[in-house]
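Order of writing sets the chain letters: A, B and C. Residues in each chain are counted from 1.
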């Protein structure tokens, strides 16, 4: 498994996928840097006048609703529709799902275009399953982490994609299995947008391989291990952001395979 | 005083207030990181379709007009109106006040919703007092720093809030007193948006305590001391930004109390 | 030559030009920090309601179309028209030229307002020459770098400005000469927006001197040398961004003159 995951990391470096991002203002710079550090090429654009052309150029797409508004929502829907219709892999980051009815309404529409992957934290995945009204049942009454797995399974059973719940343990759910990655460090929650960077990396990885679950797992393992190693030499979240970017860029195979903590 | 201010710093860590930001594109990432570093939880959103719901979730709000346009101005006015009507504390950063009539017009409207705190540099506070036509008199003829204090007092006497003039000395004016904080370092002016980060921290601090002047003073002291300590180990503004974020995160009580320079 | 270029660097520090930027979301923070580090004062604003006033305040202007949309395109055109009509120097960064017809259409309109300088990579400059229909001939059939020089010369012969092609070697083309700067480091391509920072610095430098070619050359030399020196002490692109900002701030004359690699 370690070897197959590391091969994915190498594949991104070799193929340098063009990743089209419609993402939030807060994290654009960091996620572009995360993509560059792993060898991918970011595009960031959102104009309705050019979205279909941009999606066609790109290998894959990232939609992150963090700072969405009415215009950006329309652009995201247009992009998701295009990606779906031409079979371009894409990942959805449902930032703030459940916080407002506007967000939930847009998410519900985006789900129609069947994201290849959804990555969110436990609350977002649970809220997403609820927003997606036909997948609601039975989600409310269980405990937080189990609940998120249940919610993820509900979404997967409806949309046949992959759901990644990130947190202290990252959980990857597809229609056949559930994987657990136990890398990372608590200080990572004090850097804005590392979840969004994880989503962007997933976008890069699903752009270069057919085995999407392998791609998601490799992306999450890479950022988890990078964060873990970076935290060891960081005095605070400022240095952590910098060291994590450096580590995404210069991680060795030995560092990757010796630190990977994965379970089925 | 030192002890009371440090208690405010601890209170933010314990209560982890949700701070809603409608701020400028340039500083969104830094201010989110500053908020996370001190223990607060940032939300950044500006869509008119969700603002009232977001304001209701948050403990406090930050409005920073740095990169405003017609849409964002409407969103800010909607947010300020909502915050005012439900009694949610909010802070206004009048970036570029006086530079254009558009800016001054929007600021004048925002003032109607009585910001709990206004934080700007001397020129912005002076321009704000002028834009606020009924508070104009006597502001023009005095020297820069005194002039800013006069302008601040004019604004306070009209709106019953707190005005913080940041600069080499930070000056905090409420209806009863004027406080002076002499922390900080000149290199801080070479990092974009540290004033905006100060405003965001004020947003966090006023979200957890009733004594708003104490909250503003603690926030300004914290970032001033963090910048002062961070500057000592920085070769330039790039390292200063990083070290300041780290120091907001890991400052000790001893560092805070031994470096605080405050006067009435 | 070294001495004249270093004098330009000093001139920016002394005059602290106000540089108005209508730029992309991804790089706003970095480019503002790059401008501050060299001693300039950035303004970032894009509201149609205030653009003419802002352009009038500023010493020079930067237009970067990275994340443009319909509103921003209108704002950029309004700003370029104003700058052209009042003779304010401005620089155009045609990010992603050739990627979509929307981008090319807007670029073609912007060219009508005769940017003082255009800075892009080889593909962007070639695409720009093609988008600029009357300058198309003879551009297609030659090799990449020669092709870019040909494209640059075509643009210059039509618009009488300066074109800077950045890459491993930076090439500066005006109506009389072609200059080559061989500073920089390959790792710089792994940091998002360093090209945009170069454009912003050009914006600062053309704001303080009449000899625009000298200004462009000094700006490109400065960022190239800063990146070269910064790379030597960087483990990856995260540290490179930080060290480059520091080096823009604290570079000595000796560092500048001893590392400069320039050819006609």
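Assorted remarks:
Criterion: contacts are C-beta pairs under 8 Å (C-beta built on N, C-alpha and C of every residue); 3 or more make two chains touch, one makes a residue touch a chain.
What you see is a predicted model, and the numbers here were worked out from it, not measured in a lab.
Viewed as a network of touching protein chains, the structure reduces to a complete graph with every chain in contact with every other. Copies chain B and chain C of the same sequence differ by a rotation of 120 degrees once their CA atoms are superposed, given in steps of 5. The two sequence copies chain A and chain B touch through a face in which the numbers common to both fall below half of the numbers used overall.
Computed from the mean C-alpha positions, the centre of chain A lies at a distance of 33 Å from the centre of chain B. Among all residues of chain A, those that touch two or more other chains are 25, 29, 241-242.
The touching residues of chain A, when paired with chain B in their complex, are 24-27, 29-30, 66-70, 73, 96, 99-103, 189-193, 234-239, 241-242.
By the touch rule above, chain A contacts chain C in their complex via residues 25, 28-29, 32-33, 36-37, 42-50, 53-54, 57, 71, 241-250.
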